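After this come two complexes, each holding chain A, first together with chain B and then together with chain C.
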Partner chain A sequence: MKKQKTLKIDKPNAVAAAFGSTKRKISGFFYDLSVKAHDKFSSNKGQGIKLAKKSVRKRNAKIFYFSLIALPFIQFLIFYVGVNINSIIMSFQKFTMIEIDGIPTEILSFSGIENYLRFFSEFGADGIMLTLLKNSLFVFVIGTFVGTPLALFFSYYIYKKFPLNNFFKVVLFIPSIISTIVTVTMFSFIAGRVPVEIAKMFGVSIDNPMSNPNLRLPLVMVYNVWVSFGTSTVMYSSAMSRVPDSIVEYGKLEGLSPFKEFWYVIMPLIMQTFITFFVVSIASIFINQANLYAFFSNQADINIQTFGYYLFNLTKLGSTMSEFPYAAAAGIAFTVFAVPITLGAKWALDKFFPAVEY
Partner chain B sequence: MKKIITVILSVLLCCSVFAGCSPTEEIDTTKTQLYIFRMTGGDGEPYIKNAATKFEEKYKDYSFEEGKKGVQVILDQRYVFGKTLLQEMENSKNEILISEGFSLSDFPKYCYDVTEWIKEPLTEFGEDKSILDMLLPDSQPIRNFNGKYYSLPMFISGYNIVIDVDLMERKGLWILDGSTDSILNLGKSEGNTLSKGGDNLAGTFDDGFPDTWAQFYTWCDKMASSEKNVIPMNLSGKYQMGVDYVLQSFCADMEGKDQYNLNFSFKGTANTIIDSIDDNGNPIMAGPVLIENDPANGKYPTTGNQLVKQKSRYESIKIMKKFAEKKSSWFTKESFYDDQDNLMAQNKFLYSVYDTPVLMHFDGSWFESEADPIFKDMAEDGYGKNDRKLQMLPMPKADRTRVGDKRTVALSSGSSSMLVNKNLADNKKEIVKKFYQFMHSNEILVDTMSLTGMVRPFKLENFTEKDKDKLSHWERTTYELVTDAEVDIVNGADNNLFFLANQDNMWKFFFTATLNNNKDTQAFMKHFVNNPSATPKTVFDAMANAFDDNTWSSYINKIK
Partner chain C sequence: MDTIKIINTVNKKQKPKIFMPIMLVILILYTLIVFGVLLLTFMTSIKTNKDFTLNMFGWPTKFAFDNYIKAFEAVKVAINTSQGMRYVYLWEQLWNSLLYSIGCAAISVFVQCIVAYLVAKFNFKFSKFIYFCVILAMMLPIVGSLPAEINMMNMLNLNNTLIGVYIKSASFLGVYFLVFYASFKTLSWEYAEAAEIDGAGHFTIMFKIMIPLVRSTILAVFILTFMSYWNDYQTPMIYLKDIPTAAVGLFNACVASSTLFPIQMSACLLLFLPILVVFMCFKNIFMGNLTLGGLKG
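Up next, the complex of A and B:
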């Protein structure tokens, strides 16, 4: 006779039981509340089990929807629409100091296109805009043509679950969750002081690489590329995970190597994600600070400054708002440059790499 | 399990809703409240808490409001300053505000008129003088708007060369009598006659220090030799502009008060303008340049940008070039590391007593307060704040012909301020006035200096030995310097329309040049280090380009 198997019943976990009970009581309380509210406010009063009329349901749904988005919408109106309208108006103004009853008073007055003329004059000889443009483009090129391929490589590695993929997942994402000041300080030490100490061990004296004007921006870009992996690997690897297994298996049957699989199967299918990142990076050419403020505070050498850093400094420094109109004009001018470039890039990429449905 | 973790994480995230809340002090309804705002900064909070505690104690039995007895001071301490604070003040409970970064022109609009308060003798605190009597003369004009005052300066400060006097004694680095620019007799102070210093007077504070820059260079070379094994200087690599700011004080000393103040008043005749530099680096002087500044009568400072060619600026650039050339032997190597911020630089300087010592350090007057944790850490070894003899290096003169000239020091009292809210309720005027005056009583002025490491620009009615004992060597010598009748203190600010309209650009008026196609190049020592072939002449000529006529016109348009 077969020995009867005894069914093992786990002793109930006291914490889980208490938690479950509390959860049931709380959800029960809210359910009762919603039933009572429905009974009270619906036109089918007293008929708790009957559905409310369609119009009432629709009205309630609208109330819920608008109350949910009311605060973000007001915030959008003030901090996006309002601020930008104010910037446009301010770009045609200037701060003037006059005396009213013997007291110096700062007033805003119309200045025409003075701010825009000053902005464009900075592109001329001795102007700083060309340096800022060069640096901003450098940041964009490195971020796009070095950072993106590396991000794609790491994402594919994680997607394919190659050895230590979980380790890379964590390590690449950590900089995104640690404070920028902490990571910048760590990086400054590693890139700056460690080589000096290592060289000292071999009896060689070298200068701190972070203080070398020719290495400063490249090293800052190494940092920027490193910290960009967190978000991009998450986005790319999740896009890759949406690729149907059947296609991947078909590729395997056809004898595709990992590289060919990546190039001919994965990349076309995640192209929309890539295009989104690329278009956003084009739009941010004029606002990307490249973490220069975290590295150098407001003391970054002019030779490594970007447009984003320069504009930030213009508005951050100072006890008056005298440079705000100029900063507003510069911002508007950058927008006028950036919009057609960004939309053009989006159009071109969509044309040559149309969206794939799967 | 996943559900449990999800719920726990959700609850934890909800806790962030309370991030904006801060513990509020319970209001004692039996007392009258006094609301004070203080910007959190290098001054630290001990001084304001000390003043609040003493004020509460002093008036614990006094009735400011009917039915109430005593005072409860409520402190609001946040990092808010400038216009943001002034605009917030309109709807704020805060009655007295201590902060910085203000535009001087904003005070009449936002602040209470305290003229009557500061003209009243402080008899309530046993003193005969008023606050205005004690306020240093050079700090008064910029706060005076048609005879009315709306604010008082909180601190007087600037960038200095901090020198370790103990180290000078230990290593025998005092310059002895009979030394010249190229031949130095060095030794300890005991048993020797010190050189007379830049004022050419024996028995004054600059005895034994280098009297000219040429002597300073020889002194640094000797220090750095294996015989003395001292590193002459240290600074923050991140803020190498500190050298420029220190040399601004040199410009003040070389130009003298009247010529230096032209850079802020833009009204007068400039007599030290360089026309050009010859190929040997010698300046060729221009004639006098008249600068007019009277917008009400249609006169604008159109020639004001000529001031960038004052001779003192050229001499300063030559000093920075010399520093760059001697980078390896005169400076700590960290002084040129971009990641070395001010706190790390203070750390390097103060802890150097345990290693190869550093004699001088470039920093702001507030460094002692910022370095407080370091002093506390070193106190056990006898290197605490009150144990060490640190003071401001008396600025060497440009050359031997100027030794004996009156000393002028650039220290600013234009930024940090104590204000009173314009919307002060009538029933609170008495208590606010008393606290405002109390903060300027002898006792609290000394306490403030002792607890912040910074000097307030007020001459104490009685500076007793007991008061001196409370202060560190740095605090005491700085106070004695700013109140020395033989020294001109220049503020570096003005309240004329042109200066006020262009305040944000005036801070770079001294050392900004168009170099390598960049209009806003500063930190000239750094430029010389990165461009060894650059000469003082190229940098000096480039300064004129940074403030060319087009740029200057845009400044003048702000008052037209």
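Up next, the complex of A and C:
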């Protein structure tokens, strides 16, 4: 029988083994610490400071930004948001007279939807709202479909540097820098007296056109178109000047006439500027006074009044605020009509005339 | 092929260019109307009332330049003070107009410029919100807020004070915000970065580097805003009842009272002359510096 060899295994010294293991653990712990410290303070040293500097810069930027924007934003909250909220609240109120210490005082009290009922009743057969709507639309149509094309053609003339373009640029701007009162006074005088004097020269006697109820609003619109060219001409011609010369040159080589160049090249490229003005003019259908107050003060006949004039007159008329709640309700109602129309127009224009990048 | 293309181009019938002559005729007519109106106004302003009645459109038979002096007394607005009623004459109205126009224009331009700079150059979420508010305010037709605004000014005790109208004009809403925004957006941020490296803070960068780069736009907008406030008669009529401006005085004289017509015309020219001088001095500045982008969003 073979003798089995057995391996002699020395039993480890228990104490030595425990010490060794602890030593390993301790040294391992300190090793880990040193690695972490090395990572943090030596090889990542620059990154750490960079990160610290970046956060300080961002914090300083935020302090600068918000410290400057705070006051304008507070002004916006009070005079835009606050005013509109106040307008909504006022539309459900009315002024009632009470006595405070024997002094009659007007205070606002809740009146429900009384103001809105009054507003909608004005759309009835004897109501004035339909007349106001008709006049406001007339003002918008003339301003947009007569004034705007003329402004575009004038702008194109200036952009193409046709003869005397610098001189005409100044002349087109003059009516818009003169005070409305000044131009209205001059225009009323000329539009009222010149036709009468010319008719006299031919032995015909006619009335002052400004006193003819059928001619008043058209004459006012002639005035409005006459003074409207200043800023829009400058804006349109600035937009046209950004059109790349290469595109214009290409059009010339293709033999485009000035009108075709205007219609097929320039108009698409300035469409965004045109849309901006068009949307703003739609938004102002219910606000536009058409300078009626300058012509007639608060005495304009109801048959020529626009929404804007009507509301301004309600607010301005007299020294009391008794009509303010009704004016606020009318304004809210107009806003509810006007907002979807304006946004819809913007959507439609952006869809059918998308912006051209160049 | 190139030769054929050139020949075809040359052989194309040259359509008569009628667009330019038609526009030239219309513009000449427009110019004649504008200058005719101004000439007639001047001629009327130097006539006596009798001369005007007998010879409305002719040259004055007797020159009455003293109409301009009479205008200073004729154009007046009655106001209520603690000592009772008194009249504000044209000299004082012109001074009020200066205070109103310069103050409101300066504050309005400053606020719009600063906010436009912050929105254009700092890409925070709040900037997008501010831009959205401006576009929304332009597009949303808020009608009939005047009564509420007057009520608000009364509640804040700002009505009938210059401070009140200055605060009211300190709004960043409006088309000129977009003009400034477009100007700042086109400026490179490299100038600011270079200044930052040299140790400049945000205020220094804004006031000494970025804003001077758009000074011609600032000047253009300031002049246009100044002219707009100078000619505005409705806002002072409502919010500055006891501090009437020249525009309000002229409105009273021309529309709401029975001042003699030649004196009305001389008052009109007195109000127009400062604006004409400002316009002729600075026309090149604002006629070349305004661009407006589209409404996006």
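Odds and ends about this structure:
Methods note: the second predicted complex is superposed on the first by the 277 of 358 C-alpha atoms of A that agree within 3 Å, B and C clash if a C-alpha of one lies under 4 Å from a C-alpha of the other, contacts with A are read in each partner's own complex, and residues count from 1 in each chain.
Note that in this section a contact is a pair of C-beta atoms (placed from the backbone, for glycine too) under 8 Å apart; a residue touches a chain by one contact, two chains touch by 3 or more.
Because the structure is a prediction, the values reported are computed rather than measured.
After superposition onto chain A, the partners chain B and chain C occupy overlapping space and clash.
In the superposition on chain A, A:F154 makes contact with chain C only, not with chain B. By the touch criterion defined above, A:R193 reaches both chain B and chain C.
Between chain B and chain C, C contacts the larger number of chain A residues.
By the touch criterion defined above, A:I302 reaches chain B but does not reach chain C. Of the two partner chains placed by superposition, only chain C is touched by A:T342; chain B is not. Legend: residue contacts after superposition of the two complexes on their common chain; A:S179 is shown touching chain C, with no touch to chain B.
Shared-chain residue A:K94: touches chain B; no touch with chain C. After overlaying the two complexes on the shared chain, residue contacts for A:V279 are found with chain C alone; chain B is out of touch.
Looking at the shared chain after the overlay, A:G102 reaches chain B, while chain C stays out of its contact range.
Of the two partner chains placed by the overlay, only chain B lies in contact with A:M210; chain C stays clear of it.
The clash between chain B and chain C in the superposition falls on 75-83, which is one of the stretches 75-83, 165-173 or 219-227.
Common to the chain B and chain C contact sets on chain A are residues 185, 189, 193, 295-297, 321, 323. On chain A, the positions that touch chain B within their shared complex are 16, 19, 23, 94-99, 102-106, 114, 118, 121-122, 125-128, 130-131, 185, 188-189, 192-193, 196, 207-208, 210-211, 213, 216, 295-297, 299, 301-303, 317-323. The part of chain B that touches chain A in the complex is made up of residues 4, 7, 82-83, 101-106, 108-109, 145-146, 237-241, 295-296, 333, 336-339, 341, 415, 495, 497-498, 500-505, 514, 516-521, 523, 526, 530, 545, 550, 554, 557-560. Residues 9, 12, 15, 17, 19-20, 23-24, 26-27, 30-31, 33-35, 37, 40-41, 44, 56-57, 111, 114-115, 118, 122, 124, 126, 130, 133, 137-152, 156, 167-168, 170-173, 201-203, 224, 227, 230-231, 233-234, 237-238, 247, 250-251, 254-256, 261, 264-265, 268-269, 271-272, 275-276, 279, 283, 286-288, 290-296 of chain C are the ones touching chain A in the complex. Interface of chain A with chain C (complex): residues 60-62, 64-66, 68-69, 71-73, 75-76, 78-80, 82-84, 86-87, 90, 150, 153-154, 156-157, 160, 162-164, 167-175, 177-187, 189-190, 193-194, 197, 226, 231, 234-235, 238-239, 242, 253-255, 257-259, 262, 271-273, 275-276, 279-280, 282-287, 293-297, 307-308, 311-312, 314-316, 321, 323-325, 327-328, 330-332, 334-335, 338-339, 342-343, 346, 355.
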